[in-house]
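Okay, so chain A shows up in both of these, paired with chain B first and chain C after.
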Partner chain A sequence: MSDFLSAFSIQSWLESCPQGYLDSTEYGHRPGEKESEAMLDNEDFLEQEIRTTVQLVLGERAALAASSGLINLAPDDPSRMFLATQTLDEARHVEIFTQRLYDLGVKKSDLDGTLANYGNPNLVKFAEVLLEKIDKGDFVAGVVGQNIVLEGMAFSVFEMMHATNEIANPKFAHTLSGTIADERRHVGFGENRIGSLLQAQPEKKPEIQKMQQEMTAHMLAVFSDSFAESEEVIQEVQTSADPDAGPAMYQGVDLNTADSEEMEAVLSNTVIGEFKTRLARIGLEYLPPAA
Partner chain B sequence: MSETVEPHELSQEDFLAEVHSFQFWLEAVDGYLGGTSFGCDPDLPEQTFAGEELEFLITTLCNYCIGERAALEASSGMIRFAPDPEAAIFLATQVVDEGRHLEVFVHRLKMLGVSDPWTEIDQRANHSLLKFKDRLLEFVDQRDWEASLLVQNVILEAMEFSAFQAHAASADPITAAVLTGVVKDERRHMGFGENDLGRKLLHAPHTRSRLNQIARELNTLALSTFSEIAESLGLQGETDVSANYLATMDRLGFPHG
Partner chain C sequence: MDDPLLELNKAGSEQPEARNSSDGARQRFVLGETGFNEVPRKYRKFYRKWQGEGDSLALNEVLCPVCLVVIRSSRELRVGDRVYCMPCMSRLIVTREDGILLAKVVY
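The block that comes next holds the complex of A and B.
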């Protein structure tokens, strides 16, 4: 265990993150980069971006609360130190996505109202399921919920958004690149650390699977709501896009031509596929949401 | 801070958001952690220690770890009840700072030949410091922001700042370099605590009497810890090590007699 945890030390984190891929960045992107003019000039596109970014802020706030709460539940100091780096990563994500809302024209005084107005209630429920485990002091369930389910979802969502924005909005794509690198590290810790703890406490498995099932149900509801709400805007964006821009490929699907239903399907299938793989690595079977 | 921002032109609210941000932390630590490994230049020469001198240093570092562990647990616990998102983000930067301090002190213990630092830390723990930690975590568990901030970001941080600064002045080159980096972080944490608490006391003076009582209670434990650290380091008595701590308490008008 200690050998694997040494790869998750604060020294390694300092070298790879603040002194590595975040070096010379400003709120996660290259200095001076701006949001796409075409998006800022179109009221519908802009509202859609604000709505999407609100979900990111809420998701990251939940991750910040969860990872900081896990520190005091950790069974050893090296795990605590890794979770300290994760706490700061999540805080950084809250900050850069909040900053993006400001860049999209949301006033600081309207931040709370914007979050309340656009926040998806299913995302709030998703976070509540996780935070309940942490409030009860359940470290193993907390890490599975946070580092496998939440982070696994965030990882796939960010990758899909990165594919969409790589050409259309490099500033946001660069912001996402750093968060993807962070999430990869978090998921890696979850898989490595929890496998051995679950082996020692197999009686915990049913309860953890129930949590995964509930979180998955809320997650799929968020995806369903989000793609349904953005159906028309997606069509409008695709119609007005530069025809020479080339495809935006994600998991074999061109996001520049796919409709919202196809997008929802590819994202849901990717996340669930990731859950199955990662849960199997720690000795858990994925359970689909109850009918 | 980004180059386009002129701090003096910011409103108080924007200024606080700026200095409590990850971005600010990133640029601050880059200045003194760049090129270091576990808090110091990896090429610094190791000093040879006499038997008793080494024992005292190990005991002292173990107790620094107890303090840093308390700070890590308290600052992470405080995130959930921070009064605003900026305070939560600042505390997250503090969490990683405290984790780093624990890591660099543990690494230093390993360099000094301690094969199992975690066990050693528990065995050499100072009882006053352990009591102090328990009391701090009680306030955190109760989600008492003012009390947690006073005990964590004012008393504990000022205590660590004073002890580390005094120790760095007489320490071997590696320990001194490690301590100097840690002191720079502690200054930031103390600034946050003093600023936030100072503003709160201004708007809610009635909270002072409650905080005075807490300060009085924990001051005894703080001074007892200083006394033991000074003794184990062979420094000239309690006053030298605790001078900065006492000045901070004076500045905020808290009792320490």
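The block that comes next holds the complex of A and C.
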């Protein structure tokens, strides 16, 4: 077994994560931090934040189901160890984003109803494509779907949300920082472990590429729905923002002045660009969604 | 004689020990803290966050293509060097493309 697998250890995870960047945090942010008052006092802003956070909870629930399902499919102990740490990471993400819903005023008794009311059906379909592979016991497809497609998408979405919230809402930005750090490990595992496994099983490539194509179509539909729904709120937030606040730059675009169409374009292009690069590195071809 | 390796630096700063000499000796760098906290404390000085547009890499730095963190060495990096990205656990090799040093993943 190659040496690089030894990095996928519980000890390494302990030193980096709970004893590292999560030390002294509370649900992922600094103790005592609160959501922005301006947002909590505005019904439209608040509903938009709840809607966004619901998608994060649903995405992380899918990641939790996927990573836990992959543990017993893994071909070696280091991969099982890593996936066990990833399962805890994903469970933490579900918890911190659910806690954010409570911080935004959602009652615990209303959680399921809120998720059902605001959850995007395309996000559910995105998760179903991935979970079907895991249910069928396909480890390689499952890791590509989970650690490259889902985590690659999450990595870019969290980076963009972090840029938007760094000044406007430090509590949420700090919560996102820890998840971004977790995602680095997850995409790293995906590329490094699958890169070598795919070299040994090239016959799996067409089926995996088809899965990526389906997941990408659902992902782009989620982005389209989300930015279309938030168009007016984005304008309202920008109009009422502190004019002295600096730019919120993401991939060369100032999110404090961009309209929802520009935001959707920069996010979609970034995620797809990353997919193409990551998939090419492990020997897969990116397939655009079918017309 | 002042030994830059023993000098205390400001956070994030680094100082070359010697200019690239005609015999091909590599510059050495003293690495300071960068605020990066995603790896165990003793390794943190070897990494920093990529700041995006406007950021640039020093002679001892290379960008991890997997997790987009900057990897820093105490020596000037050259083609063929092997580096390790602890935040995403990728093994990389330094290559040159279009005159720029890049890191490529080794599977």
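Side notes on the structure shown:
The rule we apply is simple: the second predicted complex is superposed on the first by the 289 of 291 C-alpha atoms of A that agree within 3 Å, B and C clash if a C-alpha of one lies under 4 Å from a C-alpha of the other, contacts with A are read in each partner's own complex, and residues count from 1 in each chain.
Definition applied: contacts are C-beta pairs under 8 Å (C-beta built on N, C-alpha and C of every residue); 3 or more make two chains touch, one makes a residue touch a chain.
None of the values given here were measured: they were computed from a predicted structure.
In the superposition on chain A, contact is made by A:88 with chain B only, not with chain C. In the overlay built on the shared chain, the residue A:281 is in contact with chain C alone; chain B does not reach it.
When the two structures are aligned on the shared chain, A:69 is found in touch with chain B, with no touch to chain C.
Of the two partner chains placed by the overlay, neither chain B nor chain C lies in contact with A:217.
In the superposed model, A:196 lies in contact with chain C only, and not with chain B.
Judged by the touch definition given at the top, the superposed model places A:80 against chain B, while chain C stays out of reach. Of the two partner chains placed around the shared chain by superposition, neither chain B nor chain C is touched by A:265. More residues of chain A lie in contact with B than with the other chain of the pair chain B and chain C. On chain A, the patch touched by chain B and the patch touched by chain C overlap at residues 19. Contacts from chain B toward chain A in the complex involve residues 2-3, 13, 17, 21-23, 26, 29-30, 33-34, 37-38, 69, 72-73, 76-77, 79-80, 85, 88-89, 91-93, 95-96, 98-100, 102-103, 106-107, 118. The touching residues of chain C, counted against chain A in their complex, run 37-41, 52-53, 65-67, 69, 85-91, 105, 107.
Those residues of chain A whose C-beta lies close enough to touch chain B in the complex are 9-11, 13-14, 18-19, 22-23, 26-27, 31, 61, 64-65, 68-69, 71-72, 76-77, 80-81, 83-85, 87-88, 90-92, 94-95, 98, 108. By the touch criterion stated above, chain A contacts chain C in their complex at residues 4, 7-8, 15-16, 19-21, 181, 184-185, 187-189, 191-192, 195-196, 199, 249, 251-252, 277-278, 281-282.
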